[in-house]
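Below is the structure I would like to discuss, written out as structure tokens.
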Amino acid sequence: MSDTDTVEPVRSIRAPARLEYRFTAGAAQSRFLRHLVEGKILAQRCPQCGKVYVSPRGACAADGVATREEVEVADRGTVTTFCVVNVKFAQQVLTIPYVSATILLDGADIGLMHLIQEVEADQVHMGMRVEAVWSPPEERGPTLESIRYFRPTGEPDAAYESYREYV
Amino acid sequence: MAETCAVVGIGQTKYSATRGDVSIPGLLREAASRALEDAGCGWTDIDAVVIGKAPDMFEGVVMPELYLADALGAVGKPMMRVHTAGSVGGSTALVAASLVQAGIHRRVLTVAFEKQSESEAMWALSRPLPFAPPTLAGAGGYFAPLIRAYIRRSNAPDHVGIMVGVKDRENALRNPYAHLHIEDISFEMVAESAMLWDPIRYLETCPSSDGACAMVVADEAAGDRSPHPPAWIHGTAMRSEPTMFAGRDAVNPRAGRDCVADLYRQGGITDPRRQIDMAEIYVPFSWYEPMWMENLGFAADGEGWKMTDDGSTSFQGDLPINPSGGVLSSNPIGASGMIRFAEAALQVRGQAGEHQVDGARLALGHAYGGGSQFFAMWLVGAEKP
Amino acid sequence: MRDVAVVSFAQLPNVRSEDKRNEVEMLMPVISEAIEGSGIPRKEIGFTVSGSCDYLVGAPFSFVTGLDAVGAWPPIQESHVEMDGAWALYEAWVRLQHGDLDSALVYSFGKSSLGPLRDIMVLQLDPYCVAPLWPDSISVAALQARAWLESGHEESEMAEVAARSRRDAKANPMAQLSEERDPATLLEEPYLVSPLRRHDCPPLSDGAAAMILAAGDLAREVCERPAWISGLDHRIEAHGLGVRDLTTSPSTALAGRHAGGTDVEVAELHAPFTHQEPILREALELGPQVTVNPSGGALAANAMMVAGLTRIGEAARRIIDGSATRSLGHATSGPCLQQNLVCVMEAR
Amino acid sequence: MADTDVLVAPNILEYPYTRTVGPVLGRFMTGLRDGRIEGIRASDGRVLVPPAEYDPVTSESLDQFVEVGQAGVVTTWAWVTEPRPPHPLERPFAWALIRLDGADTALLHVVDAGDESKMATRMRVRVRWRDHRVGEIQDIACFVPEEGQ
């Protein structure tokens, strides 16, 4: 047993770690998520700068103040910028290529990240007008997945100047 | 005002996808021992240790300073651990410098590292959280839309990103520590590599590396006596802004502009393009070179890509950017920022070997992190400020 | 060194589970309270630094969203340590020594309710030879407790610490556990992990705290009785439990000597387990005349990453409110008091 | 909607870490796989078990290995009545710091003593090896009280 040269030395160990946490969405986010079940997109307006946040997080990060006033925004908007995802990685649920876009919903002052479908990836472009495709009401839950994706509305593109501040 | 201080020792590991020959402490020691040797000092000459790395989840070691205290000779000394996302390597160096600038310590050892091979880095960055849409696609998925917006704003031609991908890999061939040594790198090779996160191609992205970088930061007296030329610190600055707020410009963030303005004020820089000899900039995706050229005031808005296009940022250019090969050639995330800071210092010390820029006397080290919201920078020079 | 003082401190009430609020929603009111308490306009604060731990939340970069509570616009000079907020305070104090900035915001947050804290803390331990066995944090503390007991102490001393802490906590509205218990009856309870009983261990807490530091004239201007930091130091020991004498705390003693921790009237010691309080007391050479943990200490409220900063905040509060002229705040990190920080404050 | 309706969801953090061990820990792990416990000699002559890669006093690299005994004394211990899921044993057991014969520092491991009354500081315990060993600290299944006590 003392002859260490006869077998390969140990070079690595396995150290799996599994920890079970809970994730809390917080008050503002929870109200937003629950409204999705009803097909509504709830935003919050900052009392200082007046900007409309969606998804709301209960605070205006620029001012560091709580946002309490709730406003509803449209479920359609403008693609301000996007990425065509063509890379495979662990825990990915979508088939590639898919388009992940920043969408400025009408009435909001900040973009929301979501998927663009019902259009070829190479046809998606900045300024494209899109609308939400909701899951059937019985399948909706308090999650952004209640919006299955966004799809082109066919409206003319928004002018670059109308959204360039929001990418 | 703050005390004068200098970098008197620098050490790096060889960067690679998996440093299977060492433990985590072994990896840090490789860099730290080289830094001490360069500084001509021993473990007992060090007053305090500051370490930095990106999320603990990469290695699954919570607050690793606790376990690493022994290996870094910190027992009985003050030891701190910094975490500011991707900018952490830079911030860590700034905290170390701050301890000397405050007049509290004479010599501080600072080390930043990542041993990403212990886990799958992409997992830690892209783990889906409850209630979110399944759009998460890693760092590339976050930055690609910003790059697209930059291209739209500046009307930059597509080949600029490819040029950076080629240039930084060519530079890496002169740096023995670099992870990627692609001997036959060419424009065609980058152009034809897979489009991963359109508009980002595979060879326009950084690798995932294991590695560590260390520095010894010392006060003026120790700098004066250091066995090798010191890099004197002419300015240090950090700025942060929130990730998401209405009207935020994430393409050309104000935090970066404010940070560099503070740095230039400290260093007496009025014409950065002319006064600064080279820079090591945090460029994890090729397009970030032209983007940061504008953010850092080296080019006017919308003109950054022209510096890449006309060769100004090449090794032979008038403002060489990332002669080490940059983040595109070596990316141990938590260390990547410190490598920028250390490489800038190496250049003004005249110790960059084959990738030494002729006549580099004043250099900028830059790091950023989060959603382009955390910035850390320093300005180092061959002469005392 | 430049004169720097704690001029304002705020904390959330510690609770078992802060279910209704996420980190930003928790931090906003406490940061605002600290800033308003200082009277310094938010946008004029020179430096901001926070302390937190991703593993408590179970998500990387958890401090990033914390920044949303600050109002970091226009951009601010800001940093973060993945450590207890007490080390964020240290970084801020160092930064103020440069002389170009006069004030700093320090904050920290921690929610123990989100994950299995006893197991999370295992990942602090030697990742090769110890963590793979999963010795939970209470078991590790129990090893130290027995070593301390067998160096010449009694379990009744531990029960006395527990009873006094929870009794003192009755006067602290921010505490989570407060009760009147007879030490003798505490000893009749079963062991949790012998020799530790439940009352020897800290509660699981969610909390957040924020503090404002100011230098020189600014401190005098905004605060009637600033808690001037007369000494601040921290030290670390070897990591391995089997290489240390667990019955003493040499790093606390060293930090205490460097910080000048003598002649204090009040000491807030970050001792999450009962046996650790006398170990720290001895290391800092605190005599019987020193009031220890009048807030109830970490045995009454122990929000991770917050409890250390809170000790300094509580010690500062006693200078600011005039009930003490010299006080000491202490913070610890790592298994069995591996790393320790001492902050000595005084009225002038 | 009531304010109390805050959404909560499970969030499982699970990573299969692989740790490369380097030469010093690698030799220790190799020894365990082969049923042998090796420490390392520090600059002050002490034998450290488990071995440190770097000297705790001088910080210099260490490489002088010393085989130590497979039995030793308990220097402190804690009794677990209700084992937690990740714990090495499913029945009540002791965590212990154990100084092996020939070593100057103590190793953290578990003692399968059956009952708390069988545990005492300074008691002697002996390694019980796992049947199938792969080169990791769990190759020591546990320690057991040495016979004849």
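Letters A, B, C and D mark the chains as written, and numbering starts fresh at 1 in each.
Throughout what follows, a contact is a pair of C-beta atoms (placed from the backbone, for glycine too) under 8 Å apart; a residue touches a chain by one contact, two chains touch by 3 or more.
Computed from a predicted model, the values in this text were never measured in an experiment.
By the document's definition of touch, common neighbours of chain C and chain D comprise A, B.
Seen from the Cα centre of chain A, the chain whose own Cα centre is farthest off is D.
Remark: chain B and chain D have CA centroids separated by 38 Å (rounded to whole angstrom). Averaging Cα coordinates per chain places chain A and chain C 37 Å apart. Averaged Cα coordinates give chain A a centre that lies 29 Å from the centre of chain B.
Here the CA centre of chain B is 33 Å from the CA centre of chain C.
Contacts with at least two other chains are made by residues 3, 6-11, 13, 15-21, 25, 29, 52, 56, 136 of chain D. Counting partner chains per residue, chain B shows two or more touched chains at residues 20, 23-24, 57, 59-60, 70, 75, 120, 123-124, 127, 129-131, 242-245. Looking at chain A, one finds that residues 11-13, 15, 17, 19-27, 29, 33, 60-62, 142 touch two or more other chains.
On the side of chain A, the complex with chain B involves touching residues 11-12, 15, 17, 23, 25, 29, 33, 46, 49, 51-53, 60-62, 80-87, 89-94, 97, 100-102, 109-110, 113-115, 121, 126, 142-145, 147, 160, 164-167.
Across the complex, chain A is touched by residues 19-22, 24-25, 28-29, 31-32, 42, 55, 57-59, 65, 67-73, 113-116, 119-120, 123, 127-128, 131-132 of chain C.
Those residues of chain D that touch chain C in the complex are listed here as 3-4, 6, 8, 11, 13, 19, 21, 25, 28-29, 48-50, 52, 56, 75-81, 84, 86-88, 95-97, 99, 105-110, 116, 121, 136-138. Contacts from chain D toward chain B in the complex involve residues 7, 9-11, 13, 15-25, 52-54, 56, 58-61. Residue ranges on chain C touching chain D, taken from their complex, read 19-20, 58-59, 114-115, 118-119, 122, 126-130, 132-136, 139-140, 142-147, 150, 190-191, 193-196, 238, 240-243, 246.
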